[in-house]
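Next up: the structures, one after another.
Here come two complexes built around chain A, the first alongside chain B, the second alongside chain C.
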Partner chain A sequence: MSTIAPEFRLSRFIASLTDIIFWVLLIFSLVGLPLVFILLFYIKLPIVNGQLLTPYLAMTWMADPSRTIPIIKSLIHTEFFRIIAFPGFGFAALLAAATIFVERKFLAKIQLRVGPLYCGKIEGILQLMGDGLKLISKEIIIPAKADKPIFWVAPLLFVGTAAAFASLIPVAPGWVVSNPNVGLLVVFATIGFFPIIVVLSSWSANSKWTFIGGIRALHQMISFEIPLILSLLGIVILTGTLNLTEIVESQQHYWWIVFMPIGAIVFFITILAELERIPFDLPEAESEIVAGWLTEFSGMMYGLIQLGTYLKLYAFAGLFTVLFLGGWNGPMVWPPFPQEIITNGITIGPITAHIPGLPLFDQDMLNGTLWFVIKTVGVILVILLPRGVFPRIRIDLLLYTGWYKLIGLAFINIFIALGLLYAGVLGHGGLIQ
Partner chain B sequence: MANGAQHMVDSIFLAVSVLTIGSAIAALEIRSLIYGSIALMITLSGIAGFFLLLDAPFVAMFQLSVYVGSIAVLILFTVMLVRRELIFNKIEDSRRRYAGIGLMIIIMLGIGTIIIGSGLKTMETNTQTIDYRKIGEDFLTYYSPALIVMALILSSSVIGALALAKREDVTNEQRTD
Partner chain C sequence: MTTQLPPGIQLETVDDRIMTLNVGPQHPGSGHMRLIIKVDGDYIVSCDPDPGYVHRGEEKMAEYRNYIQNIPHLERPVIHDSCNILYPYCLAVEDLLGIEVPERAKYIRVIASELNRCVYTLYWLAIYGIFLGHSTMFMWPAGDRELFIDLLEAMSGARVTHAYLVPGGVRNDLPANFEERCLRQVDYFEKRIKEYQAIFYQNPVLRQRTEGTGILSRMDAIRLGTTGSVLRASGVDFDLRKKEPYDVYENLDFETQVLKEGDSYARSLIPYLEMFESCRIIKDALRKMPKSGSVRTKLKPNPKGGNDEAYRRVESGRGSLGFHIISNNRPEPYRVKISVGSFRNLICIPYLLKGEKLGNMPSVYWSLNYWPVEADR
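Right after this comes the complex of A and B.
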């Protein structure tokens, strides 16, 4: 079946692997170990708890769970972990990568196709890894007469801006990378950077397809930013705050989508346009202008743009959840951590292991994360859904929709919010608290 | 501890100042219009950085979303669509440049003496940060006439722009249904 490497033999592959392992071990024991010992000879090792911290002792501690779990727990509460792993880049990138695969299978099922099937044997679950390896191993081609500095830096800026956007989303109580007092305004300011990056990268590639796509993206993003901002003002009026965490906390009893369905619909349509998804995928209309502003990107540069696009998708879906669907609020379904493990330790046969520092995460955080992920994944699926059924709309209809209908609906939403506020139903001192 | 934080703020202030002024000079001096507008964007972002240092994140974020997100994009867009050979003819004149630099120094010295003499030194620097809610309250109560005048000016300018942009001689042949 495979035609990529017809001469492939598994035995030879394993032989080459063992060969590499042999040489690595040999070189390490002949060169690496003596170097380590020479270094250890000169380094003054500290004395911890009356014991000299030899490498053997350090390794023993690393293998002992009762000593490592407090270290891991203190690591989890550092700023570094937040930025790199949990509510920050790692978590967002994981969800984004899962979205790429789910989108392909999901659309295929909608359109009665099979989608990725061969890679990984079971329903093509390794397709994403295969695509990633392909993108990494591909050559990066810079077009002749391209403006090289801007062309090189554009994918990085795109991923960086998308990650900055994702870092503003509160995932669980207290679990957010950056929690500025004017969070919603920071979101608007961050969204404003995307058109600049798109139009600069499209101009720098020196190709007419990218430039047409970039100009379309600019029109689309700029004109849909206004209804996006206006559709969220109702929530700001009712909650009286711009902080995203406080907005989530204001939705403990009811979600804002109950009172402001029009705002939610307008915001959802603007999300589709800002993300350049069908039916608003004019900037990368593959049947008209090759791939729009992505045309000249190849290899990992395209991979970075793709990662940034899906990070942006996650961030927008998370923002929708935070603003309209109550964020992490939900019934407590996560089971509490078993108390006897904390007090008595784990008993396996004759051995009883006392592990201090457990549990790693408290129940509120896990429950909040669960509800946030469930809601966000739901929103992501609804964002993916139009791609299976809708055609692309014309650009004049797009601009007409954005400037007339959506802005009008957004103002209606603001008036509804003001009415609820002045009628004394919601807001400070209202009937429903 | 407070002293250390003060030094931190000072170094950030210096870095932002160098970035802002350097990119402003670059925006004027770079021959490529695209790079010039990118430098202008950095200048405007640097001003947002000053607002952040002044504990005014509200103003800083509006600076970013309005000046960088809209006005700089507009400039960039316009620059991309023109061919600069057609609209500019270079006048290289060193005397003009020196005269400009001299004029700038004179103006800055003048403004500087006015600012220093204006009692700025007696200003409280360790006051509480003003919340944006307080700004909103003040706008709707004490400064409400000013707010109404601003709203009227802005809406009249929007209506004027629409009236200017609406051309009678171009018929729209595209269907809008």
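Right after this comes the complex of A and C.
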């Protein structure tokens, strides 16, 4: 029997870590520090509160929590932080990256493989970074007959639209990048942009495969957008609002999937089609049309499209959680912040550190984020599961499913919602006030 | 003066309704061949297969080597089914040289060629799975092949190109404890391939997609001269192992699998069902095999064939596979003609794909059990 992979050994792993630390320290002290001091020699240092701001003084201040924590707190509450880091792009991209890794290992287990194994020592955890580096270092090839401006801008548009979509998802109470009163309509509008971008990119590449793939994507996305919108109407009827945060707050006692399972199923199937996941991956069908509308993208352009696809996956899973699974609602499991740290400070041996300004995040927000992440990751896993089980569907069967079955089911769902409303189960005097 | 284009290719104008697609040879959905497909919207108007990208002149090469030197290079067209492509060669050479094969060698040959048929079928099935976008069906057969590849490695010493069958018997005897190990692995294999039924053959999406597509009627199958699983899927009960039994197949207990539908689902199901029959044959052969004895008749050094010719054919993984060898009193054959099942099944493609949707192209094409390298020889 041939060995599949070298066995993981803790001693070797620790040795490699200490190796890396040694070299970092060596290079930093021999090259980095002298460079910093040469630079400081030429800079005129400012005087703050009558003291010359030397690097040592700056470091002393930075280590003082009473000075740094207010700065961090004020940073957290800026719009910039929301867009870049927490409910916005950074959080979504991190969750998407984790999703790719989980998808690979998960699919490998279904298919009796081991999945990524070498990169990053432990179970190939850094495989994604390796892939990203490879994509960045690859040459970007533009077809000679392509419409170059549109071809260049298509991946950026795709990522931008996907990020805009992700920014509409409320993660925790009060934690959402943008909270318009007609949130659900904005979601529909954002989803409506994707077919346009796909057709633009596929047409501008001027290749037969991308053309066929783009047309297929157009058919698929447009014919599945109608059941997507219709399947969510039931929730709008019952809650009477389009604001996503209010929809989450309306599910404090009962999730909408309890009353509208048909709508949830229809919405889930349309998610699969909108995301071009197997069994609906016709626009990228490898054995028929090479890679569909992605055929001519190379290097980081392809990487951007992939990033956009996974952002879209996160956003759709988050939308499913928000609309049907109660969003951030869940039992309080996050432990409260210990009060004695605020009053007495942290005692470590002889030293007592007083850190005013804690906690950075309140308990509601942390608990809400935890429940949101758990539910979203669960939905993502269920979205990924069909890839290991189903083959690709054909275009006529796809359109038949979209136009006949799903729209019919979505209407049944709307009638159920109306029935619930007028029978008095929900609303005033019903189960939910 | 207009430039002469190769046949099958036309220049397109902007307002052309028909679009020509070159599927292959650098397309993930073609083998080492090209399909020139013309589509009108999503429907295929015409399809023109263009094989020959891996032509290696095996027949000509065989004219410059003697009967023993020919063994290793003649199995190159189908390295996954090498025992079955050497089988008719050995039979024909034995006819020419007048060699008797020991009884034990005949059984070992049958076992080797049935194991190899399963290995080939699994490889074909793996590609069929990935052509339909079913990546699990790519990984499972590719992993389960290892069972029989290990057995063949124990028999012959090579994992893929075995060169195990030689004129006069087999190259070497079975290793110790082979029968026990073989029975154990065949039992496990049968259990394993039953799981394919649930994930692949009974999959509603697959059945929707392949049932009723690319229908080849019984008369068309006979008229077009198809062979092997394509012929049997169209309702013709024709298996050379039953109809013209060679070596010890007449003593063994198995059945021919025949389906009536003739669509790509039936064509993909027949090789799968035949894997169970192969397992039956292997178990039966292991039971009936003489436990000891010679496995190879010694040939004279550099044997010469008479002024004679011989034609023998066997049932390979892709249908009837025949060798026609003409000799003229020399150590080398005068002419070797290989008739392969793949090339005979290729002629169906234009008939089957015409009027189909583009999405059916991979399933119809690969259900024909076509092996491009073998067809080009």
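Worth pointing out:
FYI, the second predicted complex is superposed on the first by the 369 of 433 C-alpha atoms of A that agree within 3 Å, B and C clash if a C-alpha of one lies under 4 Å from a C-alpha of the other, contacts with A are read in each partner's own complex, and residues count from 1 in each chain.
Going forward, a residue touches a chain if its C-beta (ideal position, glycine included) is under 8 Å from a C-beta of that chain, and two chains touch if they have at least 3 such contacts.
If you're wondering where the values come from, they're calculated on a predicted model, not measured in any experiment.
Of the two partner chains placed by the overlay, only chain C lies in contact with A:Ile278; chain B stays clear of it. After overlaying the two complexes on the shared chain, residue contacts for A:Gln111 are found with chain C alone; chain B is out of touch.
In the superposition on chain A, A:Trp61 makes contact with neither chain B nor chain C.
In the superposition on chain A, contact of A:Phe81 is made with neither chain B nor chain C. Within the superposed three-chain model, A:Ile212 lies in touch with chain C and out of touch with chain B [touch as defined at top].
In the superposition on chain A, contact of A:Phe390 is made with chain C only, not with chain B.
Of the two partner chains placed around the shared chain by superposition, chain B is the only one that A:Pro195 touches, whereas chain C remains out of contact. Common to the chain B-facing and chain C-facing surfaces of chain A are residues 396-397.
Note for the complex: chain A touches chain C at residues 107, 110-113, 208, 212, 278-279, 281-282, 285-290, 387-397.
Listing the residues of chain A that touch chain B in their complex gives 147, 150, 180-182, 185-186, 188-189, 191-193, 195-196, 199-200, 203, 211, 215, 218, 222, 225, 240, 242, 396-397, 400.
Of all residues in chain C, only 19, 21, 27-29, 42, 129-140, 143, 199-200, 203, 205-206, 208-209, 357-362 touch chain A in the complex they form. Contacts from chain B toward chain A in the complex involve residues 34, 38, 41, 57-58, 61-62, 64-65, 68-70, 72-73, 76-77, 80, 131-133, 174, 176.
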